[in-house]
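Inspection log for the structure reproduced underneath, given as structure tokens.
Chain lettering (A, B, C, D and E) follows the sequence in which the chains are written, and residue indices restart at 1 in each chain.
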Amino acid sequence: MIQIENLSIRLPGFVLRDICLHVTPGEFFTLLGPTGAGKTLILDALVGIIPVTGGHILINGREVTGLPPERREIGIVYQDNALFPHLSVGENIRYGLRYRQKDRRKTGLNTDKLTEWLGIRHLSERSVLNLSGGEKQRVALARALATEPSVLLLDEPLSALDPNFRADIRDRLRRLHRETGVTVLMVTHDFTEAHFLARRTAILNRGRIEQTGPVREVFQRPVNPFVADFVGMKNIFPATLKRNVASVGTLRICLAAGATGDCIAIRPEDIRVLPADSADGTENHFPGEVTAVSSHGIYCDLCMQARDVHFRAILPYREVVASDLREGSRVTIAFDPADVHVLRSQP
Amino acid sequence: MLWLTVSCSALIIAFILLPLTEMVLQPSLADLGETLRDRDVRRAIQLSIGTSGMAALIAFVFGTPFAYLLARKQFPGKKFLEGVVDLPIMIPHPIIGIAMLGIAGRNHWLGRLLCDAGIRIMGSVTGIVLVLTFVGLPFYINTVRAGFEAVPTRLEIVSRSLGASPAATFFRITFPLAWRSMVVGMIMCMARAVSEFGAVVIVAYHPMIAPVMIYERFTAYGLKYSQPVAVWLILVCLILFLLLRHFSA
Amino acid sequence: GPCAARETVTVFHAGSLTVPFAQIEKDFEALHPDIDVQREAGGSTKMARMISELGKPADIMASADYKVIDKNLIPAKADWNIRFATNQLVLCYTDKSRFADQLSGDNWYDILLKKDVVWGHSDPNLDPCGYRSLMVLQLAEKHYGKPGLYDRLIANRPKENVRPKSVELVSLLKTGNMDYAWEYLSVAVQHGLKYLTLPDRINLGNYKEDDFYKQASVKVTGKKPGTQITRTGKSCTYGITLIKDAPNPKGAVLFMEYLLHPEKGLKVLQDMGQPPFIPARVSTDQVRSGLPQPLQPLTVVKP
Amino acid sequence: MLWLTVSCSALIIAFILLPLTEMVLQPSLADLGETLRDRDVRRAIQLSIGTSGMAALIAFVFGTPFAYLLARKQFPGKKFLEGVVDLPIMIPHPIIGIAMLGIAGRNHWLGRLLCDAGIRIMGSVTGIVLVLTFVGLPFYINTVRAGFEAVPTRLEIVSRSLGASPAATFFRITFPLAWRSMVVGMIMCMARAVSEFGAVVIVAYHPMIAPVMIYERFTAYGLKYSQPVAVWLILVCLILFLLLRHFSA
Amino acid sequence: MIQIENLSIRLPGFVLRDICLHVTPGEFFTLLGPTGAGKTLILDALVGIIPVTGGHILINGREVTGLPPERREIGIVYQDNALFPHLSVGENIRYGLRYRQKDRRKTGLNTDKLTEWLGIRHLSERSVLNLSGGEKQRVALARALATEPSVLLLDEPLSALDPNFRADIRDRLRRLHRETGVTVLMVTHDFTEAHFLARRTAILNRGRIEQTGPVREVFQRPVNPFVADFVGMKNIFPATLKRNVASVGTLRICLAAGATGDCIAIRPEDIRVLPADSADGTENHFPGEVTAVSSHGIYCDLCMQARDVHFRAILPYREVVASDLREGSRVTIAFDPADVHVLRSQP
């Protein structure tokens, strides 16, 4: 369990302000944000290597704000794995055991089980220098978990991996979390990782938390344009709202209910692309023209223009082929009023 | 461009090697053998190696924590300390000797303190070691500092997060990863120390270290008697350093 | 180690005594294995100053000019002065020296005047051999009747050719960095150099010519930079003394006893081309009676 | 752990600074003034600065291409060359002087060559500069090599892909990014050179550089007359280096 | 135009063998492969900074194999942008102009137009040190194109960028390529980038080219299991083929036509997940059970088991929600015979 209460850190050129985060026991929590948002700084404060200007950090209910790292009982895995290069795989994993011997007897989790789960048992005698990127990250995970820390901190553990190893480590992370029940705080800038792994997330921007909540909720209901953009709502328009109608350019878009705000956002996958002059019963359907089609493999990005508004939609590649959509195709752009989210750009 | 580079490099290599090889090749084997049978020569070379080794050891003991501090911590006045570390390189050698004698005499409180403790600086092995440590320290500290800087701080953070104290972290992580730089630093420190003459000749003419003996023989007997000593000293040093480098590689 | 357990006798001496004293040290240490003689050689004036001005601890001081002991050490650092050897100045050279094949007793000064000839001597301020070399040149001007010779010679000897002690010049001769150098006869013999001997009238080697020698005088620096004292010509006479607050007077007397013995130390000097006084001389009876007991039989009074 | 580190560091700082400050503080202002009025002293300090500056300049001209070669190229025997570059650090100083004289005399073909060209090494400014270059070179080359290594090779590749020749690439990219290290290297080289005594005293007693003068004054007249010269030399050097460092930062 | 003929490079520990690549004038070609496949080595050989052991390189028909980099007329953009840190943005861009002055007059493309297109015209006087990652990469692109090289080489130009900048640079790259018509060879390990940008691609593995062809064709018709895996065909099974039936475990899978090979592969998005006991007319439909559902935001990964065979499918998130698919759901796994690809593991 991690409680961060009103944490402030003042550095030359950067300020972290009033951070409050509660990670419940056994939860997998992700801290999301672009580069330079202050994510790593929060991890550093949790590890105990930078002095905090204000606020408190509690781990499992114990105040650790002033404690040195070795007395915090945390495990940490970095993007660059930070394995001890002069030790073998086994020595790396067993490194912390001598300092946490007593805890080990209690729960009975042992390194054998851990290395078994992570599929690195056979590597025990090997030097860590000759491992693949994925193996290195698994060893780093085993090392962090071997001491059975109260919490596990992950600093973009997947970012530096080749795509083929990334999925493997991601899968193992999820399984490990389920099987050990350890509390995890993961820092990343990739929202899909949060989807896959976490229940709740917080979005950090320029030293402030913009939104906290369940991953799917943040994904579906961002509170402001920054979060909306960050979670991939590519259709974000300044709008004038009057009751349940939003005016965007010369378009009038229906909302599910009256709301106040100055922006609307629509997920690109919520936009349906229908044949020209057809409709499927929704209030919001506009004739438009495809301005660009970009393939991304399985799915395609469609840019469309309806009068003076540019929409972006994501469609499975096979649908694009089936409907023969290409630059210049005339289409109907449709979306449900429930999929139109109202945001405020100023809090 | 390449041609210029190569010829400049060749010039430098020749400039360094030519005088030395000429000198090494001049003495006959008979001269070399006779010189080695001279007890004074053997004693001087032993003393040179011993005192500079001692200097390297002192640099290791006291310099390692300092190098660590410089590598890891940021603090006001750090630039100044870095300057102080380099100071012994730029202080003219006779001045080093004079300055050491200045505080070693009975006229200085420190000298009286040392004297009362039975420690003599002038004309003693202690004095030689002190002077050699002075000139060798920058080489040790700068080398080891770079060695510590090459150990990622993250490794130390991870070690501490796993429960190791700062001391345990140093001995289990930092030291094993930086010890090579310490060996190299000690070699550099020793190399610098074994070459010192000007500061030592002021602090201790006797007991005679090899460079002082070489100087004495050169000025008193001429080239013929100083060269073999020089050759032996160079050979002993080269072998020693090659062994150490090999051992640490 | 075993070395540290031995008592030491520290001897400061003129650079020109290095070779014989090294032999004497070896013989003496063989006889007294418990004593380590530690020698430090340099220009005599400099060595004397190291004792008088810097207070460097020493037991014995042997000077290439006994006057240095009188002027620098007595009475503060020493009480007496024993003259124990003589020497003379010669012009040293090697096969490779320029014009070596033409050198003779009649034309040496002409060769030293040649532009491309490099010759030198030791520093008159630090080493008696240095001012004695200059005195030889002054006396040569008178002896050969060539007014202005001295100044012309000096004009052809850049300051760079002056080294702190005379024996250093030997290396420069042998490496071909220098063509001619002024040395003591003993040094020339000991280092196997070729040398040109000069007439007694100018070589400072015969005390009977002291009246002629007196005409030469050289100004050298005094006790601090900027002050000057004058040295006048006198035959080369080596002096030796015991330093008053010597750390090891017992061992020092033992060494001196060995050195002044006609069959021991003085014989080594003789063998190495440096004529000793046998027996060694002191100036007055009063001085002789002030000597340590074992030394008295080895000396005679001769003003 | 921290306490140990700090006390070791304090000890080292004191060990380096105490003798030097004691020496600098001992001469009276009157002594200092009088010394400065001595033309010989001024000339010696000027000569020291001049010759070591010259050595730094030579190191810059010939050492820069060599440092670049070591930083950028891999070739068999590179380890050996690196060892050769460090050699002057470990060669005892009198041996350096002796070795230089060994090849400068008429008995050596090179000496004859130089002699015929009218170049004299013994007792000449040329000789002093040569010796100082010898002892200072490793400092320049090692510093500048590190400076070149800090310039990513990719920048040079991009520059060439844009049409710049190797020479143009060096002057437009590598040099502007590494010149600071060259200034620092020249400072280090000069600092090392200005401190040299043992090698110079063998090659050139006259003209007298400051360390030789300090040694002579110390042995002939004592502390009182050598200290003011030492203080002036240290001050002049410090000011010079601070200026250079400031200029290059 | 780039022609690489039988290029071989022998390095200690790595060999590049018999590489043949033809990039036609004006084409955007991607060279794909995992880390360590030798991609960067090929770029190095094209740039001219490593000696080749054998073979020839022609650029615009001119043999350049032995020429120094400055005489090859290529532009290169690296992952780490490699901007000259001591020069301003403008100085960086104009760096190469003095060496290629004559070519510039001919075509009339000038740096003003270039910086306009790349949206960095206003940065001209700025130091390159204070730019964002995306801006830096745009400056690097402008610098490489300012000299109007015969070909433009891109070394993973998007890999080091934050996701928010990545899409921008990708879009600009595509537009730049269209507007300048420059021949581009891009190295990457991300197949979706190839989809978006390139017409043709080559897959490199351990110093050998495994397959060359149009991106969509390589994507749809990989020739061997390595390429299949690399392009994301997650269902790759060793199979025994008899006429147009493949036996995988105890399942018998129909093929569109008889083929020889020892492996079959099916794209995860080609697998349809139907309600249990239903069918949609295809020959291949098997009853199965969902073993895992992982969300990745817009789409979900489904792991399913049909008897002794594990299938993986990708479905839009909304479909998963609509069909209420979760661990344990009973489903029908269906796919068209035309979507079953036959591969050979040995060439």
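Just so we're on the same page, a contact is a pair of C-beta atoms (placed from the backbone, for glycine too) under 8 Å apart; a residue touches a chain by one contact, two chains touch by 3 or more.
Please read all numbers here as calculations on a predicted model, not as lab measurements.
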| item | value |
| --- | --- |
| Chain D and chain B - chains in contact with each | C |
| Chain pair, C-D or B-C, that carries the greater number of C-beta contacts | C-D |
| Distance from chain E to chain D - Cα centre to Cα centre, in angstrom | 55 |
| CA centroid of chain C to CA centroid of chain E, Å | 90 |
| Residues of chain E engaged with two or more neighbouring chains | none |
| Per-residue multi-chain contacts in chain C, two or more chains | 164, 171, 174-175 |
| Residues of chain D touching at least two other chains | 98, 101-102, 108, 165-166, 218-219, 223 |
| Set of all touching chain pairs, with the criterion as stated earlier | A-B, A-E, B-C, B-D, C-D, D-E |
| Touch list for chain C against partner chain B, complex | 3, 8, 10, 15, 18-19, 38, 40-41, 57, 164-165, 167-168, 170-171, 174-175, 191 |
| Residues of chain A touching chain B in the complex | 47-49, 68-70, 72-76, 78, 80, 82, 84-86, 95-96, 98-100, 143-144, 147, 149 |
| Chain D residues touching chain B - in the complex, by the definition given at the top | 1-2, 4-6, 8-9, 11-13, 15-20, 22-23, 26, 48, 61-66, 68-69, 81, 84-96, 98-103, 108, 110, 133-134, 137, 139, 141, 165-167, 170, 188, 191-192, 194-198, 201-202, 210-211, 214-215, 218-219, 223, 226-227, 230, 233-234, 237, 241 |
| In the complex, chain B residues that touch chain A | 152, 154-155, 157-166, 168, 172-173, 176-177 |
| Of chain E, residues touching chain A in the complex | 34-35, 133, 162-164, 174, 189-192, 195-196, 215-216, 219, 229-232, 267, 269, 294-299, 314, 316-318 |
